[in-house]
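Take a look at this one; I'll ask things after.
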């Protein structure tokens, strides 16, 4: 576990919603994007971005999700289980190495929370377009203390 | 709060499913579309429809979701929290103002339920195709009394 | 009910995730694909595959979801309610008979579990690309004993 990982500033919502909403011990995290150094990583994976750049974008998106969790729940130690990710990749036509891209986020969560808490169910899919041309968008459901 | 809002007739399912399924206090609402005056608003936002027409389609989809909630739970007062939306826009290539479109539904929910209950987590994404060419499809998870 | 249905071997994950994660009585099932006789059914519905072949792919995906449930929870009798499906079809441009495709899975769940347990909320949408070119990907949320 690596709960002391250095995180970017928590992002802000891009519309009339909030980044996380809790009900009892379940937390629904909004779709987050790859904000790095204040800039959004944009482009279609398989054309504008390579597979490796896509993996990096998913890793960065994971850091943003963790930043929201830390901001909302004070401490990542309050996360009891990462239940489910929906990992959406902005794909060029014909790009289907989508699971490899989303591993950039999934691997981070296992590294940070350990296998038992961090390993999750997941879907990984290829989107026609994502907001503002972002390369990856990932939402999550987690359980908290 | 505006729980007495006038709603369209509750829609019917377009396949072998039901519009809502409850488990304890959680309700999963199926993907709903923009049915207005008995007709489905179709077309790709950014080509067949303008941004403004897309926002309207998302607003209308929100009214349909509310109509299902009211039909299932008798009274919108039984909604305790809108937890999560997945807002899917039928996009023309290159259209990425997706959050602005889905605000048409999110703003409605805040107007109807107030900020505390109505404001939610959300993902907004651009789809290659939606059923019957509908412009917007939105699903939701809500908590009820 | 047809809980003794013959199922394919449980699939394995295509990345850094697991096929199902449980929290209390909720189970999140990862996006599954149409593996039949050890091979993945690939192609875009509406071009490479007909509607009928798409329906079959969704049925096969449903069998894979059931195989995971049986492997994880020992017996399909432990499923108390199928709550929600997200059915994603790898579509050719202009193909919008998406609900008919996903009925291939929804009908199977009603056949296996009966109406009360098996009938669910659902979204059915058309994707730009799916992992490895698979024709259909379906994820689910179920409640278990």
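Order of writing sets the chain letters: A, B and C. Residues in each chain are counted from 1.
Please note the rule applied: a contact is a pair of C-beta atoms (placed from the backbone, for glycine too) under 8 Å apart; a residue touches a chain by one contact, two chains touch by 3 or more.
Just so we're clear, the structure is a prediction, and the values are computed from it rather than from any experiment.
S.K.: Just send me the rotation angle from a CA overlay of subunit A on subunit B, rounded to the nearest 5 degrees.
M.R.: Rounded to 5 degrees, the superposing rotation is 120 degrees.
S.K.: With over half of the numbers shared counting as same, classify the subunit A/subunit C interface as same or different.
M.R.: different
S.K.: Between subunit A and subunit C, what distance separates the C-alpha centroids? Give it in angstrom.
M.R.: 24
S.K.: Any chance you could list the residues of subunit C touching two or more other chains?
M.R.: Those would be 26, 86, 127-128.
S.K.: In the complex, go through subunit A and note every residue touching subunit C.
M.R.: 26, 81-86, 91, 93-100, 102-103, 106-107, 110, 119-128, 141, 143
S.K.: Quick check: in the complex, which residue numbers of subunit B touch subunit C?
M.R.: Going through subunit B, the ones touching subunit C are 14-21, 23, 26, 28-31, 86, 88, 127-133, 137, 139.
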